[in-house]
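Each of the two complexes below includes subunit A, the first together with subunit B, the second together with subunit C.
Up next is the complex of A and B:
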């Protein structure tokens, strides 16, 4: 399926345009390439409300996975007299399949710092934190160097650019816990506690870190503030389609020729993204596409036929609306942009087991449905994978996932339930085959089956 | 006795100053990283009690955090800890084979340490390197696109480094 030539591969780049400029990691080069203009513009010519308004106009949606409008989130921050407010950057990137924020921080640390300064000013945060997953142990050095350089050049510290605005940015490492990507768990962790999510309300915008109004935003979201301020919210919103404005970083992995981080403008098709040489470059060894998890491990897995086209037979595109077209019955989600491709030789039961093990490991244990349910799901999936399962196990799995979803304090429960539900919904015959052909299932995989057949579209 | 050097204590002070007054407990995660690095790669009860005293909090507040996060070792580990990712995308790219190969080469199962105290093998859940799978964390850095040959080279590299330090 080498169709690369028919695609328009001239996507706009707003974040990664300069990623390959030599020395862009350092202040002097970054500044020479036009860096920190948005700080000058925002702090010298705009009020806090005007910045929030620009971000609202841009239509920027949270890039961590939930997709909530960033400008609206900013506008919720409470401003009680005399109480400090905080911006916290969520760099706890831990959703399997997702490694885009790491790329941004490693190669363009100043882009993040620049976005953080503008956002800190807009929100009135004089002390801003970057909470980064502990395993990214070498990245705090890169960020702290960028912070020191920005400070030495008057973009951080006291009285930034003579505007009277003070801001310090500190980096805090986590210590290995997926749950700390959930914003209230992250705040707990920042306070030196276990990462147990809080019950909302109160929302962090009212009572966050140390009981103070707090906004938590993803790395990519904050980096996107830079082009929004430079070009204006309206210009930013012209890129993309519908409510999927601007560009999105996609980290692509699994069975593809060119795994990596790509910036897309959300108007390209899923098929182009997988097969174009500009992006994933197709599937290795001439194998066929079996399935894909398009937005990080939590979002529903889709068989090839429903991935490339919607249930209505329309082309599916790489944006929020199109990826979720059909709801959970026949669609998936953009999520965090962690794009995982499975070729015809992969086993859906084994993949689902691996993800279930992940969620069991990462459940914080506060809510019984999640703590117990993730353990049960892992055990049942392992039993099925080893050819020791029963047909009734598949129904039990369905029952358990349905009892986790919506019954927990935080979305980890949903995130654990959805992959299991989607795998059974679309690949039930493969699960059943692991029971009815238990011995054979230990020697070979189920294969492509009918998952790549064209879908029948009723007229 | 567990005790940071003057230089380390200055760092501790600097870290605590990042947080609001009276909220020094916020420095717990960074201090535990520092302590683990400083005191043999793991957190003994004595180390945790020391961190509690530095932050003027109860020891239990340290224990409950140390046992929650996967990066803190509450038991001794080898000089070199191989933390191999086994989640979804890494699995699709053969992480199980890498884990089995390390296990066979070093003669230890996941969670165990070699008799000479040099190597510990741990399985890890998603480390955010999915596009560079299979991979593992070794100390501060990631080792990516692992093959059996690369694993052999890493083991040899660790042995050489250990020999040079002794």
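Up next is the complex of A and C:
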């Protein structure tokens, strides 16, 4: 983690602004620093629809990976008479390379609770859940302490701030399954069942937890509701660019000098993010950049030349649109903001293998393409990595991933297929080198090769 | 009284009207034939089943009359309801045919293909599926997965290696029997059907898991290795059973009852659930009132050579005499002069019980 990071004045911070104020974890300090203003504003002066409208205006996009507009998601929730509704906070952050929610919950638990209260009010959820990843074993204590403090100060429980709104927040721990980050699997698990994703439709907004209308939002999304309410949706939308509004937390890791969680306003370029001292601080030991997975393990990996510049020769920026410029052929995705940097000493085949191993292990096993296909890909990649593969294995891998993608119940199949597809698409010669130079591949890495060469842009 | 509106849906260029709320699969089954997508996990009698095996994927080329946009991905026809004016492509879509072939490949990836010793052979949906929609050969060059053996008691034999994780048996135990003591443990490619800490499956209607299993993962222990299903004669029979309808299919050879199953419809689904007592304990012809031969699809291997006149077919008239104008055919070779298989003096159907090597050897003396 980035400890005692000096937050530069450049770039606006909305979430992590106060992250390093001494004692911000506790209610008194958080309140003194202006915390829970949004709850007072929302519950006392705004209607439910006004809050949803404000979030819509802000252009806030889901921060869990898919980037679906949060306000739109909220407006989909069914409101049948006499049926309780639920808000569930998805804190099952398990994507390799992503650790922003953990940072947020460890340092600023009250920010999440504050966002949860406002969102619960907007959605009419009197019982709200935080479903947290089982491996984050120490964080439920932090959250529960924050919940207890908020309750003791009248921000939770019965008749909050005398407005007549009741809300309880419960923390539910998962049992250590990546798949439970998928919203319907999360709901199944929350209900106490095996975490198998449900077949959609019906969507959770109609039939979610216990068959009731449910909204599932990521930790960062819910925390972002606080500045939106405090400053207004339009003000929030002014930050960032285009449809990438507000700020985004990026958890940077891999071969960089300063791994950690950074809040960016989505106007900086990828190159600046990697090399500026304010953020990642460049690559250690003077090594050169080879590749990067810009949004968590399931998004396509990009070679250095396509990462810093798009195929059109334009600078690539750290926002939803620019990162996905060029589609899957030459682009990637913002995803959940897990920024993994690979330097010239990293082996893409090995990296792809370890991702494939992860997805094989985390597949729920419910539908056949993912259950069988992920295991097959892992075995083929291991064979290639060990120098025992064949050239035809590369084509076979391509075929398998194309047969998994889009044919599964939930996006885990896609998430398992994309990294393999992108690695073969951009690094095919490295895969082939593992076959043609099998013995050599066991002793050294392929290196940078031409992956950083400027791409010819036809005029 | 409000009536369910009828929706017009076109599947493989055949239009049919079905009540709103019908799934694409059930609409296609109404048309029947090749238009009906195969289903390995969907079971119309089990609530919540389906959507998992992905063999029934179809392409929706037109969403509905109101919203004609095609659906971006192939959809599981068993869990997608029809919309008015929907157009669906099943076997007319190369995408579907291709995806289905790959699903078959995935399903067979870790399947042991031990059909020669599998009791399900001959009535196995995976066999049919592979035959109809698969490609020959496999591109898988690794060891197939194995599991630690679990004993499920004296009635039900579990072969986890054959399982395709359709979850049907889990739904059956939940919805049909009094108590479910088995389920899916673990996840991904190491998930398995098992009981948590060895338990016997023996409650009331649990035997039905054998009938719903599309493969040979759950088989009848009282019938294990006793006979091949295509050597048996299926007959509808019933008895006065205090717990179930008592309507079953007996699988006989001569007078001996080899096994008892529920009656299955043309989609291989059980018509009425039967209790364990009927299935496992009533193995005498005298226990049953026989109604007559069971209608078996003529494409099934089980139907081969069995009383053709009784299963809805007519025995074709011998035409050779007519064609040859009374001359006798000239035989070029008597097969028995070169082969010792099926010796003419041994009439297989008159042998008591299953054929045994002794039947052949004793005749040689």
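As a working rule, the second predicted complex is superposed on the first by the 450 of 459 C-alpha atoms of A that agree within 3 Å, B and C clash if a C-alpha of one lies under 4 Å from a C-alpha of the other, contacts with A are read in each partner's own complex, and residues count from 1 in each chain.
In this section, a residue touches a chain if its C-beta (ideal position, glycine included) is under 8 Å from a C-beta of that chain, and two chains touch if they have at least 3 such contacts.
None of the values given here were measured: they were computed from a predicted structure.
Enquirer: Would you check which partner chain A:369 touches, where first means subunit B only, second means subunit C only, and both and neither mean what they say?
Expert: The answer is second: A:369 touches subunit C but not subunit B.
Enquirer: Decide which partner touches more residues of subunit A, taking subunit B and subunit C as the two options.
Expert: Of subunit B and subunit C, the partner in contact with more residues of subunit A is B.
Enquirer: Is A:194 touching the first partner subunit B, the second partner subunit C, both, or neither of them?
Expert: Both partners, subunit B and subunit C.
Enquirer: After superposition on the shared chain, which partner residues are touched by A:396: those of subunit B (first), subunit C (second), both, or neither?
Expert: After superposing on A, A:396 lies in contact with subunit C but is clear of subunit B.
Enquirer: For A:408, select first, second, both or neither according to whether it touches subunit B, subunit C, the two together, or no partner.
Expert: A:408 sits against subunit C, while subunit B stays out of touch.
Enquirer: In the overlay, answer first, second, both or neither for which of subunit B and subunit C A:69 touches.
Expert: Once the two structures are laid over each other on A, A:69 reaches no partner at all.
Enquirer: Return first, second, both or neither, reflecting whether A:361 touches subunit B, subunit C, both chains, or no partner chain.
Expert: both
Enquirer: A:98 in the overlay: touching subunit B, subunit C, both, or neither? Say first, second, both or neither.
Expert: Only subunit B; A:98 stays clear of subunit C.
Enquirer: Using the superposition on chain A described above, determine whether A:177 touches subunit B (first), subunit C (second), both, or neither.
Expert: A:177 sits against subunit B and subunit C alike.
Enquirer: Under the contact rule defined above, give the subunit A residues that sit at the interface with subunit B and also at the interface with subunit C.
Expert: Shared contact residues on subunit A: 177, 194, 361-362, 364.
Enquirer: State the interface residues of subunit C toward subunit A in the complex, per the touch definition above.
Expert: Touching subunit A: residues 50-55, 57, 73-74, 76, 79, 99, 102-103, 105-107, 109-110, 139-140, 142, 145, 164-165, 167, 183-184, 186-191 of subunit C.
Enquirer: Which residues, counting only subunit A, touch subunit C once they are in their complex?
Expert: 177, 179, 194, 199, 360-369, 371-376, 379, 396, 403, 406-409
Enquirer: In the complex of these two chains, what residues of subunit A are touching subunit B?
Expert: On the subunit A side, the touching residues are 84, 93-99, 102, 127, 129, 133-138, 170, 172-178, 189-195, 210, 251-255, 259-261, 293, 297, 338, 340, 342, 346, 350-351, 354-355, 357-358, 361-362, 364.
Enquirer: Under the stated contact criterion, what part of subunit B meets subunit A in this complex?
Expert: Where subunit B meets subunit A, its residues are 18-20, 23, 25-30, 32-33, 55, 61, 64-65, 68-72, 86-89, 91-93, 124-133, 137, 139-141.
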